[in-house]
Amino acid sequence: MKPINQKAWFLVLPVFICVAFSAILPLMTVVNYSVQDIISPERRVFVGTEWFAAVMRDEELHGALLRQLGFSLAVLLVEIPLGICLALSMPAQGWKASAVLVIVALSLLIPWNVVGTIWQIYGRADIGLLGAALQALGVDYNYTGDATDAWLTVLVMDVWHWTPLVALLCFAGLRSIPDAYYQAARIDGASKFAVFRYIQLPKMRGVLMIAVLLRFMDSFMIYTEPFVLTGGGPGNATTFLSQYLTQKAVGQFDLGPAAAFSLIYFLIILLLCFILYNWMQSLGTQDKNEVAHG
Amino acid sequence: MDERRFRKRTIFLIAYLLFALLPIYWMVNMSFKTNEEILSSFSLWPQHFSLASYKTIFTDPSWYSGYINSLIYVAINSVISITVALPAAYAFSRYSFLGDKHVFFWLLTNRMTPPAVFLLPFFQLYTTLGLMDTHIAVALAHLLFNVPLAVWILEGFMSGIPREIDETAYIDGYSFPRFFLTVFLPLIKAGVGVAAFFCFMFSWVELLLARTLTSVDAKPIVATMTRTVSASGMDWSTLAAAGTLTIVPGAIVIWFVRHYIAKGFAMGRV
Amino acid sequence: MELTLRGVSHKVGAQQHLYPMDLRLTPNAVTVLLGATQAGKTTLMRLMAGLDRPSDGRVQVDGTDVTGWPVRKRDVAMVYQQFINYPSMTVRDNIASPLKLRGQLDRAAIRKRVDELADKLHIEMHLDKLPAQLSGGQQQRVALARALAKQAPLMLLDEPLVNLDYKLREELREELGQLFAAGQSTVVYATTEPAEALQLGGYTAVMDAGELLQYGPTAEVFHRPASLRVARAFSDPPMNLLIAQGFGDRLQLRPGLELALPGQGGVTVGVRASALRVTQQPGDLAIQGEVELAEISGSDTFVHARTEVGELVAQLTGVHDFELGAPLTLYLNAAHVHVFDAAGLLTRAPERRGAC
Amino acid sequence: MARIDLDLAHAYRPDPKADSDYALLPLKMSFEDGGAYALLGPSGCGKTTLLNIVSGLLRPSQGTVTFDGRDVTALTPQQRNIAQVFQFPVIYDTMTVAENLAFPLRNRGVAPDRIKARVGKIAEMLELNGQLNQRASGLSADAKQKISLGRGLVREDVSAVLFDEPLTVIDPHLKWQLRRKLKQIHNELKLTLIYVTHDQVEALTFADRIVVMTRGRAVQVGTAGELFERPSHRFVGHFIGSPGMNFLPAALDDRGGLSVADQPIAGLVDPVTGAALSRAEPFALGIRPEYVEVDDVGDGVAALPGTITGVVAQVQDIGTYWLLTAKVGPHTLKARLSAHAQPPGVGATVALRVLNPHTCFYGADERLVAGATAPAAPVSTAAAVPASSSAPEGLA
C-alpha cells in the first residue's frame, strides 16, 4: 500500500510543466481556432460549432476515418498473432538470443520516412527486388497504380516495421514465466498447444494488452510511411486521418475545420485510450496478486 | 517429437529474419551502386562497387548537417526527458497523491496523441516565441511524447526496487537528493538506459514535427531526405546511402541495451 | 532511552489497523512484539520508528513528543524481514554508511568499527563482496551489522529470522540474545513464534488483531496469561481448552472427571501441552484417549489424541513413536492447570517455583 | 508405485577430483515402495539436486537411477510418471479447480466419466470438494498447493510424488494443518513420497525415514528415533534436535579411565564401549541437553558416577522447560530441566551427569564409534546403506 504524501507533487511538477507547455497551450489554440472563422489575422468571427458540423458532414473525412479504422484493425489482426509466433520462436538466451533480438528490433529504429523509402524502392518493378520478383512470377503488381496493391503494400510495410514491437513485448512476457510452470506442464503431460494455451497465453495477457494499446494507437495516427510510399494515392486509397488532417491544416490553411477535426481526432484517441487503459489496469491488478509470491 | 517441433520453429524464425532483412539489404545494396547501374541493370550484388553517394553525403554540407542537427535535438530531448522524468517516476512509484491516477493517464494520452493534431498549434506557438528553425523547438516538441514514455518505463523499473531500501536509507540518515543519486540511481541504471533508448528511438524517427518546425538551420536528415523525393530525376543512390546511414545510430544503441530490450518494451511491467 | 506510546491508534482508509493503546517500553531491555500474522506488529513498529505517522495518539522519546518527526531526525535502527542491504555497495560500505553519514568518526575509526562488527557477526571474510554474492543468513548478518553500527538508542527488528533455515534461525537467535544483552539500546523484536519470545527473554507485548492484550516480563506473561486470547496467542502448540462446570470446591470436566480446584459456574480449564504426561504421578487425573497423530518438533514429540474430553495435544520430551489409533492415557496434575472465568479472564494459574 | 534405487554422483565439472567439484558425492540409496522419505539439510547441501535427479529434470553426471529395477536415468519426468509439488503454488490460472485436477488425466486421454470420478475422490480427500467450480487463481496459497498435489494424486499409476519445500509460502499457523493432511494422505494411499526441506520439524513429522544431507553428502538415513538417539555423524547430532547435541572433548587413559573436558570421570565405561574407544586419538563425547542430569554439588553429596562439574552461566525460562547453559572450563554445555523443577542460580557449580545409556562417542573423523546403548525406537525392516565413500571428510 503506497503511503499518501502530497509533497510528492513537487517531484511531479517539472514533468507537469514540460508536458503542459507542449500540450495544454497548443490545445487551447486548437480549441480557439475551432470555434472561429479566421478571414484575416485581424478579422475573426465567432462561429460556434459550425466547423464541427461541417467536419461531421464531410464525406471525404468519413472515407478517411473508415480507411483508418480498417487499416488499424488489419494491423492488429496480422501483427498480434505474428508477433506472438515470432516471440515463441525466438531463442531464450545465449549469444543467439542477442543476435536475433538486435536484428528483429532493428526495424523499430529506422526513421519512418526511411521505412517508406525502403519499401518505395523495394516494391518498384524496375529497380525493386519485390517488384521484380512478383513480376517474374507473373503477378501484375503496381502499388502506385492499383488501389488494393497500394493498400496491401502499406499494410505489409507496417507489419514489417512494427511486428517486432509486439514480438519483443511477448518475449518479455515469456521471460517472466518461472521454469517451474514448464516443469509442471511436462510432468502433467501437457501438449505443446496446452502449454501455450494454459501457461504462456495467460501469462502474456498483461504485455499483450500493452501491445494492443500501443499498436492500435500508433497505427491510428500513421502519417509518414504511407505519405512517403504512396503519397496517399492512388487517389485517396491510402489517405488516412493524419494525412487528411495535415493536408487541411498545412496544405489548404483553412484553420477552422482543421482545428475542429483535430479536436474530434483527439477525443476519439482519448476515448479509445481510456477503454484500453482501464481494461489493462484491471488485468494488471489481477496478475499482480497472482504473481505476488511467484 | 521434439526435433520436428524444433525444426518447424527455426524455419519460421529464419523466414521472418529474411523478411526483416531483405528490404534493408536491398537498400544497402543500392547505396553502393551508381544511379546508372541501378536504372540499367538488375543485380543482387553491385557490379562495380562505388562509394560515390556516400562521398556526396559526407561532403555536401546540406546532407551531413542534417545528421548533426538530428543528433543534437535528439540528445537534448533525451537528456531533458530523463532528468525531468526521474523524479516524477519516483513519485508515481513510491507515493499515492491527489490525482496521481489521472495525471498518469493524461501523460499516457499525450503519448498516444497524433503529432498531426499538434502540428498547427506548435507552428503558431514557436513562431510567436521566435523559436522556429532551432534545435530546441524540435526537442521541446518531442518532449510531449518522450516524457510520458520515460515516466512510464522508469516507474516500472523503480517499482521493482523494494521500498524498504528507501526506508533503510532514510533511517541511516540519507537526505532525499543524496539517497537518490548515490543509492537509488545505480539500482535503476538499466531502466535509465532503456528509457534513453526509447527517447532516442522516438525523436530520431519522427518526421512530421521535425520537418514542420525547421527550415534551414536545424533541418534534420529525415527532412533533407524527403527533399530528394521531389527533386527532378530520382537520385536513388544517394537516397539509399542516406537511408543506410540513418540505421547506423539505431543499431549501435540497440547493441548497448540488448539485454534490457525485452524488459524495457514491457515498460518494466514484467 | 524510554519510548512511550500514549493512546496511539492507526486507521488506514476505513480499516482500523491499530486500536488505541498505551505502552511504555522498559528502557534498555528487549521487548518482543508477539502475535500472529496481521496482528499489527509491523504497523506498530513502523509507528515507533517514525516511518508512519499514527492516526492519533502521541509517540514520546524520553518525554519529548516525536510523533511527527521524519525518520531521518529520529535516531533509530531497523532490520527488515527480507535482508535489506544496498545492492550497489560492498558489505564494508553497507555497514559503514550510517557512520559516514553521521560524520562524527574519521575514516580510520569507521574502518576499525566496521571490522569489529564484522568479526562479531562472523562476516569479516565477506567485507569486500557485494550483498548479492552472499547467502540469506550472511545478508541478514550484514543488515544486523549496519543496524548495530549506528548504536542507536532504539533498535527495531521485524521478524528478522523468518526467511532463514531452521538451524540457522536457532544459531542467530542465540547470537542476537548475546548482542542485545551486551548493547545498551532499547530493542523491539517482532515475531510470530512464542519460542523466540521465550528464548530472547526480556519483556513481551502480546498483540492480536490490532489490539495490545498484555505487556510484562516474558516468563510472567507466559505463565500468567491475563486472558484466553493471550493464552491462545502465546502458546505453540495451541493450549488445550476444556469446558468445565464449577461446583464450589471442584471443577467437573465430565461426569466422573473432576479437578480439586475452587470454581463456580461455567469456566474454561486451560491445559498447556507440556502439562500433560504419559507417566502417572500421585494425585494425577487420568484421561483416556487414542492417538490421532504424532508430530516431532526439534527435541519434543507432540501427540494429538482424541480423548473423552475432546481433542488434546500433549508435549513429550525426546522422540517417541506412536501407532495411529493406539490407546493412550494422559495424566494431569490439578496444580499445573490455568482456569479462566466465563468472561475469559484468568482466575487461577499454576504456582511457579524458581527464578521469575 | 515404485521402488527407487540410486547409485550415482553428480559433479559440476566433467572430471571431478576434490569433494568441492561434486554437487552430489557418490551415494547408493534406495527408497522403498510406498515409503515416506525426507531429504533434510541446510541450504546448498544438494537436497534439491537429488530431488531433481529422481524426478528426471536433471541427469546425474555418473551412475544410474532405477524405478522398480528399470533404468530410467535417461527418461524425462513425464516418462518416469512422477508428480511434483513446487516451492510456490504452480496452477493453471484460467482453469477452475476441477479442470486443474482433471488436466493430467485429460492429457492421457482417460475417459471423461473416469476422470470425473477420480477428481471427485481426490477433491474429497483434499477437502477441496466445496471449491471445485471456482477459478483456481483466486484461492489461498495452501488451497493452491493442495491443487498442485491433487494433480499428482489423480493419476492412479503415479510412481512417486516429490515435494520441494512446499510449505515455504504457507502462513505459519496453517502449516501444521497441511502437514497433517499430507500424513493422512500418505497413510491412505501408501504412495512413495519424497519431501525436501531444511526444517527438521517438517521432516521428522512427515517422513518415516529421513536422509540427512550436508555439503553434497547423504550423511545418515534413518527414522526420527534413530537420528535422535544414535546420530551416526556429529553433523546429524548437531542438526537434529533443538538445541542440538552437546559435544565435549574426551580421552581414555591407559587404565581405561575416561576423562571429559580434562575432568576424570568416576565410574567405568561399560566394556563394549570401552573396547571401541581408541587410546591414542582424541575423540568426543556427545550428549543431548534432554539427557544431561543436573544435581547440586554439596560437600555431603557423593560424586555420582559419570558426572563432571560445571559453573552455571545462564538460566532461561523457555516456558515448557528450563534451559541451563553451563561452562565446563572453556567448553559450554546445555542442559534441559523440566518446567516444574527448581533451577540452580547463575554462578552455582553443579554436577552434570553426561555418562548414561544415551551418551555417544565420536572419533576424529566425526563418525559414531561407540555408545548410545539405549534401545532406539523400533528399527523398521529395510535399513538403507548410508554412503561409505573413501573421499576425505571435509566437514566444518
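As written, the chains take the letters A, B, C and D, and residue 1 is the first residue of each chain.
By our rule, contacts are C-beta pairs under 8 Å (C-beta built on N, C-alpha and C of every residue); 3 or more make two chains touch, one makes a residue touch a chain.
Computed from a predicted model, the values in this text were never measured in an experiment.
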Fill in the blank from the handout: Between chain A and chain B, the fewest touch steps amount to 1
Completion exercise
The chain pair with the larger count of contacting C-beta pairs, comparing B-C against C-D, is C-D
Handout entry: Averaged-CA centre spacing for the pair chain C and chain A, given as whole angstrom
Key = 57
Exercise for the section: Go ahead and note the Å separation of the Cα centroids belonging to chain C and chain D. Expected result: 26
Practice task
Can you tell me which residues of chain A touch two or more of the remaining chains?
Solution key: 3
Practice task
Any two chains that touch count here, so list every such pair.
Solution key: A-B, A-D, B-C, C-D
Practice task
Enumerate the contact residues on chain D facing chain C in the complex.
Solution key: 42-44, 171-173, 176, 179-180, 183, 187, 198-201, 204-205, 223-225, 227-229, 238-239, 241-244, 288-290, 315-323, 336, 338-343, 345, 377-378
Practice task
Flag every residue of chain D that touches chain A in the complex, lowest number first.
Solution key: 55, 57, 76-78, 82-84, 86-90, 92-95, 103-104, 107-108, 137, 141, 148, 151-152, 169
Completion exercise
Interface with chain B, chain C side, in the complex: residues 49, 51, 70-72, 76-78, 80, 82, 84, 86-89, 97-98, 101-102, 146, 150
Practice task
Could you pull out which chain B residues touch chain C in their complex?
Solution key: 162, 164-165, 167-175, 183, 186-187
Fill in the blank from the handout: As the complex stands, chain B meets chain A at residues 5, 9-10, 12-13, 16-17, 19-24, 26-27, 30, 38-39, 42, 44, 80, 84-85, 87-88, 90-92, 94-98, 100, 103, 105-110, 112-125, 140-141, 143-144, 147-148, 151, 201, 204-208, 212, 221-222, 225-226, 229, 236, 239-240, 242-243, 246-247, 249-251, 253-255, 258-259, 261-263, 265-267, 269-270
